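Below you'll find the structures, each written out as structure tokens.
Here come two complexes built around chain A, the first alongside chain B, the second alongside chain C.
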Partner chain A sequence: MPKSLKIYDQAVRISEEYLGPAGERFLRRQISTHLGIEPESISEKDMYKLVDWASLAFALLTSDPREVESFTNNLLLLSTKQKAQRLHGTAA
Partner chain B sequence: MAPQPKKKLSEQSVIHDLAKHQSAIAEALFASIGEGALVTDAQGKISKMNKIALNILGFKGDEVLGKWYPGTVIAEDEKGNVIPNIERPITEVFLKGKPVFRKIFYLKKNGQRVPVALTASPIMLKGKPVGAIEVFRDITEEVELDNSKDEFISIASHQLRTPATIVKQYLGMILEGYSGKLTPAQTEMLRIAYENNEHQIDTINDLLKVAQADANKLSLVREQTDLVALLQEIIREQKRKYIQKDLGLDFVHTKAEVLALVDPLHLRMVFDNLLDNAYKYSHGGKKVTVELIDSAQAATIKVKDQGVGIDAKDMNKLFQKFSRIANPLSFVGGTGLGLYWAQKLVDLHNGTLAAQSVVGKGTTFIIKIPLGLQVP
Partner chain C sequence: MRKKLYSCVFIVLAVIYVILTATLPTDPEVLRRYQISQQNAHLLTLTLAIPMVLIWLFALYGYLKFYDYSLTIRQSREGRGFNRLSRGLMVLIFSLPFVASMSSVFTYISNRNHSLLPTLTITRNYISLLFPFIAFLLIANGAELLIKTLRPKTLHQAIPKFGLVACIILSSVYTWLITTRPVSSANDIYYLPTVLILTTLAIPYVFIWCRGALAAYHLYMYKSKVKGKIYREALNSLALGMGTIILLSIMLQLLVTVSARLTKLNLSPLLSLIYLLVALTAIGYGLIARGAKKLKQIEEV
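Here is the complex of A and B:
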């Protein structure tokens, strides 16, 4: 399975954890609109820009700032995890 | 060495003063724009709200500043349903990445609904979104005016049309002899009264249709329609009067079927109007041709007559309301609203209606309608 698809799948899982079934659609809109790429092709370098927009949109969906922080951090972690896997040759 | 630190300090102080100056301008602008404005930060909290916004919503500054925006200012739709946060304009801004314009209802502090027209935009700093700004105005008066227009249309349709229709009925009965035999003079007078009453009913109907369209109360009921079949039917219905006037009426099309997502009832009105005009403004012995040309995205329908034509100087008046252009046949009846109405209907289909004409040679009306088969 391509690395980039893995990132997308993981991002969808995180999004759905916080937003339920609407999570994937939320994520796909963010990626298409702000990154201008096919959602499945998202890579580690795209995560920061994605989070810039997704966190502000998410902040209007929940009044709990800790939830927003948690959502943001979990998405950003995907980028660092992926980078670490690549560097240490442990990526699938 | 000694002068350098002083120079740096002075630069810093200039930059600081400039920043303060810019900030003061921004504050003044924010406070004095003629509409309500609010700013949310990266956490969705209200960081600024101007006086107009506070007045519209009935809040005091300290009741809203620092509060989570979607929970403080509740938005509702026309039917009184709370708009989910993900569908609110300010959230849409972060989903679309660009300004969003909408008309919705806000709940004031006292629970009353206020209709607003708003624009929400992202605030960007060095290419990164840092918040959002929403500018909105109270449109209560506009909504009331709209409601008044609706009332007028409803009242007018009953109070103007009903008596005219009754007059038509009774004049008709008298002319048919229901109240006894008439003298030729009486018949002639009653016939003139009947025709003018018909014209009055047509005018009322046209005015009401146009008022409805102008008030944006007209909506299309689109369905998949075969334009070839629709035009064939219309032409069949018009043919009798054309034959009586010794006017030819041909339909030219290359395909057996052309499907489009249109409102057949309203599109029929457009074609009827154009064929009526072609009939009225052509002398006997001439021909009218309807041509249907289709491409992958749109259908073009041309209604070409060999009638009296329109002077170039009058072309810009053609689609205006109450426009009657002088020509050899301008004694024929009409309300001057037909083409205005036709253009409105074509516009609603996202199409175009144009005309080309030469005096003494004839006129061609060209309608272009998107097939619209891929519904967004």
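Here is the complex of A and C:
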């Protein structure tokens, strides 16, 4: 499975933990609007920019700052994990 | 464009209802019983009609918000379910001014020509059944479609254990109320033989109440089982709102069933009961509006 699709899938899973069926639509909107790329082609280097935009948008949906922090951290961890796996030469 | 059309049609129906309420003469028997003048009777009915119309407009607002949301997600997996819910809600809301206006006109005609009273009463009863029948079937279908988007093993919990008992109790009580109602040629609310009332009115009403209650339960289950904490919070208002409206519809129909007994009450308790039901309507549609707004916001940011 292409690594970029794997990152996208994992990001969708994280988004769905908070936004349910609307999670994937939320993520695709952030990627296509703010990053200007095909959502499935997102790579680890795009994640930092995505996290910035996604956390801003996410903060409009909840008044709980802990939720925003948790969502942001989970997406950031995803990027870090992908980078670590790439550096160690193991497939995700 | 469609939203504007719906709004215009609805407002026209509501205005027609207010005009009818303010202009059609009240039954002289009612004026005599409560010892009020025609003018006071009109003022009294307007004190009911105007808050009712304001509630209807609020309901329209809630529906339009929900319609917006269902349009936004129509291509998604849960889009079909929300679309059916939206259509059911539309039928329910548009029936409010239509049935009220029809009822006013029929009442006026039957006061002028008592021989038409049985025909108009029967017509009114069946039209009053038709709208909630269609609405609740659509709402129930929508709720089923939503619950099917969840994991398959959720479905075996789709009918509550107490559901069958509740249906039996409800149909037994309703049948008892119908068959023991005091009947005279002056205050019959059905003008049909009991067997026809049971087969063509009571059974369909109990059926749609059970379907409606099941729909409310399915929406509650969907809200509980679906992933997404923030999504669930938005759905919570919607599910509560739908449940409130379904409950209100059931209570209103039971009120009609016992209305022959209620005419023996003084005016104040009767008005209090009606105002209470109107307030419940406002709460239900308010919750739907709030839930729909939150869900739409998730799709817009």
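FYI, the second predicted complex is superposed on the first by the 91 of 92 C-alpha atoms of A that agree within 3 Å, B and C clash if a C-alpha of one lies under 4 Å from a C-alpha of the other, contacts with A are read in each partner's own complex, and residues count from 1 in each chain.
Keep this in mind: a residue touches a chain if its C-beta (ideal position, glycine included) is under 8 Å from a C-beta of that chain, and two chains touch if they have at least 3 such contacts.
Being a predicted model, the structure only gives us computed values, none of them experimental.
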Chain B versus chain C as contact partner of A:Glu67, first or second or both or neither: second
First, second, both or neither for A:Gly23, with chain B first and chain C second: second
Touched partner set for A:Asp9, first chain B, second chain C, both or neither: neither
First, second, both or neither for A:Glu38, with chain B first and chain C second: neither
First, second, both or neither for A:Ala57, with chain B first and chain C second: both
Shared chain A surface residues [contacts with chain B and with chain C]: 22, 26, 29, 57, 60-61
Chain C-facing residues of chain A, complex: 16-23, 25-26, 29, 57-58, 60-62, 67
Chain A to chain B touching residues, read off their complex: 22, 26, 29-30, 33-34, 52-57, 59-61, 63, 65, 68
In the complex, chain C residues that touch chain A: 73, 76-78, 149, 226-232, 295, 297-299, 301
Chain A contact footprint on chain B (complex, rising order): 40, 42-44, 68-71, 85-86, 88, 90-91, 94-97, 122, 128-129, 131-132
